[in-house]
Every structure is written in structure tokens, then in C-alpha cells.
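Okay, so here's the structure we're looking at.
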């Protein structure tokens, strides 16, 4: 990888961290042994090229991807990553639910129901994490 | 249709006019002879129920539908209606192009290329209309 | 919800019970916390509007949905609900298997195989339930 | 092709004539130069094997295929063939419209609208043919 | 089944063994109770008719099916069967990974990522099997 | 675009010429006004990155893409480009027809029929071009 490629990779990595946080990094890590070049492409093209473009803010980009993956209905792991990403860039839970519900119109009720179940799993996972952290810090408080 | 149903239909019709203008009305008209009840459902459920909900603005809703229909890749007439609708509710041509380009990541390059060709056809159609109108009013000006 | 809307909801709920029995109710319940309005739409539009229409009997409607969900191949939970629904409205196991097999022609062998595996799981589940119930009543009989 | 294969082919050809009439034959003819063996498979497997099976009547089979092709949304020529086939085996226009409308629930409104437009084209084509034939026989009457 | 049909079935069964080995046989076995005729069709049409044709070697056929099932993204069990089949007929792991990566261009990154995860699971499963076998024979060696 | 990016673009452009010849260039040209950056990405990522990789020859890559686009069934313009590309890199007409026929197994008969019709159109177009050129050079011969 020469310096220019490296610049594109670094830009993508920074954008990935901004959007997907740990979830995106786990996807990249899971690709490292089977297809390391693909892990690099995933950072360079979607994140280094597309998501880094001006002209559409990250909220709109995440609304678009949540809509598309709900409608396609065959990429649940990626939908869950982007549900977290949407929250990370400032889309509210209510807005996410509205986007998914709207997909019933364009891709049918099953696609929307499965999207809502994915959102429920992600939101519950985050709530459990928050609860665990606050309980943990509460215990620390008691301990302190 | 009783008064409550009628209220839902009227709300949907108003929302359809706000979003899709004439294009949406043409779709409804084309359904009138083959499936008049379906024309009514199309106004009542997507527009009277879903698009009328608070919690997600129309710009975000049109970004979501342009993304989804580009990704699905099998609904060109509806994509074109919503490309015009997106412009109507304040999504810029540049933003539309960004949303469609982004779909290359989630549904592949052919889906994005076909979406861009649909956008090009819609934008050109609108430009031709504008040119025809300004030429027409120019001639009137000369004539006056 | 005004009285007219309420009428549509009640009609949908009655139709849902007639078709899907408990399975449909579980879907609605699972949506209650994440998207309560969507749970209501699911009763009102598909069941209150579409399935309540005259002009096509419920056997034909369930054959249509089993065919469509098998062909789409990305909505297994909903396919399983409608496999039970099809049995509820009088489609035989043999007819269900015929519909799914036919989908190999229109959507490929993998879609048909996955549909058959879903049918096998549903039929086995129902047989186990019947066996458990008859064993239970048998024991009661012995006990009595 | 030995005699047993020939039997399967003949059974398929008879079934194809029963179901699709001329439309099916045109599809087979269009394949004859590019892939003659595929034209034979199309008669043997779908029609000689699947459609010839007992256990599901042809009305139910055509309802299933109209549903599936409407939901998939990427096979308009084949959907049109089967809209005519459905009529041929006794599914009414109203029942066809009901099946397609129902697909809005499972594959979204665009799939249903495009299916309804295909039905409208097929029904109009048949009406025009009937009108032309009755006008033609009327003229013959005058001529006679 | 008469002798000619039997010939087609035998040819398909031999081809299935050549391509898919045990994995294909397990699929056929899983269909035996729910749809025994479909298990027979699966051997006769795909394997007895299509895969037995000259004009395209098995390596190319397995590359085609790995590409298609990765792109469709809704048939993971069948993709896994054909990942093993591809290895069986001489497609290397590297070539398989290249085919799946290429699908990012035509069906999007999620489809490619899910395909790579399926390949990783299949390759790991085979490696574990090899390791278990060599350990087992090693122990035998020690034992001997 | 800095020098490293430029290198990737040049490599992609050379690969595109090798594979798709004029057809690919027309696609790029058609994108130039609506989304010039996307035209660049199309050269850089699919052709500069993916198709330029060692580890899978171009014949196998074109077999993979013909299979995938036939199976997806919603990208006819791109399928036609790649049918020509497949011929360009040495896949025979017979092999192309075999790949498409095989897709009946994985994506259904309609997908395969529509793929065969696309192949027929492409092959006929090339034959007409050859006939026109040989007639033209014949006339030149006469003229000379």
C-alpha cells in the first residue's frame, strides 16, 4: 500500500470509528483471516470513499442504509451494525422505528416486522449494557 | 366509507398531494379501473397512516424510500415517482445522487447505476419542462 | 382511535383469530413494546382490510402467501406463521407441500428446500403437541 | 430421447396446452434456437413433473404462481403468461386482482401496483381481441 | 419409475456423489419424509439433467453457483453445501474467496461478507475434521 | 486525485478495456454528467481493485457475474454488458448458455428464461454487426 492508498485507508478507518464504533471493527476483524484484502476494501471504499463524501450528512446516510437493509431483508447482521451506527450519529430510536415501519409500504410487512425485531434486540442489548454499567458503577459507589 | 374512514382518506390525499403532487395522482388514477379499492388503500395506509405520522420528517422519509427502491431494483416506476417526491419535499439533486451512490455498497453497482439512470431521466425531464415553460413564457414576453 | 377505526381494528382482530390463531397474536404481542402503532396497522390493514375482503376465500389467500413467502425466501418466521394459518383454514399438509415444491420452478430449488424444511418443522411441532396432549389425556384417563 | 423420456415430454406438452395455451408455446418457441434443451426441460420438469401431479388443482397452482411472481417482481413476461393461464384454468379476474392486491402485504405496494398494471394489460389485451373477433364476425355476418 | 426414468435418476445420483458427496446426500435424506418426490426431482433435474450436461465443466458450474447463492443471499444452507462441492471438484479456497469477494460489486458488501463468513465456517469445519482425523490416527500410531 | 489514486484508476481503466471493451466505456460515459465520481469509483473499485486481482482468471470472473446477474434478475443492462464481456475474455456462447440454464436450478425458470433472452439479443446483435461488416467490406471489395 503506497502513501495515497494509505491516506484513503486512514480516512476510512477514522470514518468507520465515527459511525460504527466497535461493531464495525468487529466485522473487519472477522474478515482478517479469511479475506484480509476484503477487510481493507471495506474500509477504503464504503468508508474512505462513500461515507467520507460531503453532500449528505451521516444521519441521512444511516437512515438510507437502515431503510435499504430492512427492505432487502437478507442481511440481518449488517442491519444490526447499522442500527447501532444510526444511534451513534444521532438518529433517535423513534426515528429508526419510523424508518423501519415505513418499509412495510415498500417491501411488505414481514420485512418491516423482521426489521423491528432486529431493532428491539439492538435496543434491548444497549439497555442491558447501560443497566449493567450503572449497576456496576453503583456497586463501585457502594464499595467506595 | 363512513366518516372516520373518510377522514383517514382525506388525510392521505392531502399528504399525497404534499409529497408526490401529480405523479402520485397519476398512479392512483391508473389503478381506478382495475382495482379501485386498492387505489383507496394506497391513499389510506401509506399516506393517511404512515407518511402522516410525526416522528420522522418528509425529507428523511423520501431519503429512506429512494434508498430502499434503489436497493430492491425491481420497482423503477415507483422509484421515479419518489425521486420527484424527494425533490418536492426539499431533498436536493446532489443529496439524491449521494443516496443512490451509497446503495452500491449495500445492493451492488448495478442497482446504483440503474438508480442513477432513473435519476438522470427524472432530472432531465424536469429540466426539459422548465426549459419549455421558460421558452413559452419568453415567447409570450416577445409576443406581449 | 374513533369508532370507525375501532370497527376496522375489531374486524381485523376477528379475522386474525380465524386465520392465525395464537401464532398471529404472538407476532402482535412481540411488536407491542417496540412499535405499538405498527401492531395496530398489522391488524387493521392486512387483516381488517385485505383478508376481510370477499372475492377470494381464505384457502386461496393462504396458498398465495405460502407461495410468495417461500419464493421470497427471506421471511421464515412469517412463513411458519402462515403454514399454521394455511392448515387452520383447511389447506391440507399435502397441498402445502405441493405449493412449496412448485416454487422450485419459480424461485429455484434452494427456496423450495428451505420452504419444505420450514413445513417439516411446523408439522413436527404440531405432531409433538398432539402426541403430548394425547399422552397427557391418556395419563389422565389412566389416573381417572 | 428414449420412450420413457418421451412420455414425460408428451405429458408436459399436454399439460402446457391445457394451462397456458398459445402463450406457453410462444415461450418454448422463443427458446428453440438459443437453448433447445432448455425448451425441452421447461416442458418436462415444470409441466411434465410438477403441474401434472395430483394433490393440488390447477386453480390453486395458478394462484400460487401469480402470487409468487408478483411478489418477486422481476419476471413480468412470465407473470403475464400466468395471468392468462390463471384465467384459462378458471381463476376469475376478480380473484386474480385479489391475489395481487394481497401481495402488497407481503412484498410491498410497488410489487402489487406493478402486478396490477400487468393484469390490466393482459385483461385489456384479451378484451381487445374479443372486440376485434366480434367485430370481425359481425362484418362477416354483414358480408354473408 | 420406469427404466428410462431410472436411468436419469441413477445418472443424477452418480453426479451428486461426484460433486457434493455426503452433504448432498444429507439434503436428499432430509427431504425423504416430507416430500420424497421432491428428493427424487432434486436428483433428476439439477444433477441428472443440468450438471450432467457436457459444455461446461464442474469447476465452472460450482463457481457459477457459489456466485449466484452469495448474490441472492437467502440460501445459506445451500451455499455451504456448494462451498464444499466447489472444493470437491477442484476449485481452490483462494478461488472461492475471490468469487465471493467479487459479489460485493454485484450484490453489495453485506452479501459478500455473509458469503465470506459461510466460507470461513466451511473451511474451519473441514480443518477441524482434518485435525481430528490426524490426531486420531496419530494416537493410533502412538497406541500402535 | 493524487498519483497513487491515479495509478489505481489507470489500472482499472486498462482492465475495463480488456474485459468490456466499448460496452463498459459507454456505461462510464453515461454516468459522467449525473455522477462523475461514481464513474470513477466504478473504474477504481470493481476494475482497479477486484478484477485486477490475481487468484481467479477473467473467464471464471465473467462466469461468476453472468451467473449472479441472471439469478438476481433485476439488472438486465449490466447482464448484457457482461455477456459481451464473457465472450471477450474467452467464454464460449455454449458455455454462457450452460451457465444461464443452470440458474433455473438456483433462481427459477423465469430468471433463466430472461437470461437466455438477454443472451439471444446480445448474440444476435453481434451476428448482425458481423454480417453488416462483412457485407460492407464485401462492397468495398467490389468497389475496389
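Here the chain labels run A, B, C, D, E and F in written order, and each chain numbers its own residues starting at 1.
Going forward, a residue touches a chain if its C-beta (ideal position, glycine included) is under 8 Å from a C-beta of that chain, and two chains touch if they have at least 3 such contacts.
Predicted model only: the values in this text are computed from it and were never measured.
Undergrad: Which chains, if any, touch chain C and chain E both?
TA: A, B, D, F
Undergrad: Any chains in contact with both chain E and chain F?
TA: Intersection of chain E and chain F contact lists gives A, B, C, D.
Undergrad: From the options D-E, C-E or E-F, choose the one that repeats interface A-F, i.e. more than half of its residue-numbered contact pairs are shared.
TA: D-E
Undergrad: Which angle of rotation, from 0 to 180°, maps the CA atoms of chain C onto the equivalent atoms of chain D, to the nearest 5?
TA: That rotation is 180 degrees, given to the nearest 5.
Undergrad: In whole angstrom, how far does the Cα centroid of chain A sit from the Cα centroid of chain B?
TA: Using C-alpha averages as centres, the distance is 28 Å.
Undergrad: Could you give the separation in Å between the centres of chain C and chain F, each centre being the mean of its C-alpha atoms?
TA: So the centroids are 44 Å from each other.
Undergrad: Return the distance between the CA-based centres of chain B and chain D, expressed in whole Å.
TA: 32
Undergrad: Of all residues in chain E, which are in touch with two or more distinct other chains?
TA: Correct list: 37, 41, 45-46, 50, 53, 69, 71-72, 74-75, 78, 97, 101, 103-111.
Undergrad: With chains as vertices joined when they touch, what's the shape: line, ring, star, complete or other?
TA: The chain contacts form a complete graph, every chain touching every other.
Undergrad: In the complex formed with chain A, which residues of chain D make contact?
TA: Answer in residue numbers: 71, 103-111.
Undergrad: For a test of understanding, state which residues of chain B touch chain A in their complex under the given definition.
TA: 45-46, 50-51, 53, 55-56, 60-61, 63-72, 75, 78, 94-95, 97-99, 101-107
Undergrad: Can you list the chain B residues touching chain D in their complex?
TA: Residue list for chain B touching chain D: 27, 30-31, 33-35, 37-38, 41-42, 46, 69, 72, 74-75, 77-78.
Undergrad: Quick check: in the complex, which residue numbers of chain D touch chain B?
TA: 72-74, 97, 100-101, 104, 108-114, 116-117, 119-120, 123
Undergrad: Once bound in the complex, which stretches of chain D touch chain E?
TA: These residues of chain D touch chain E: 2-5, 7-8, 37, 41, 45, 49-50, 53.
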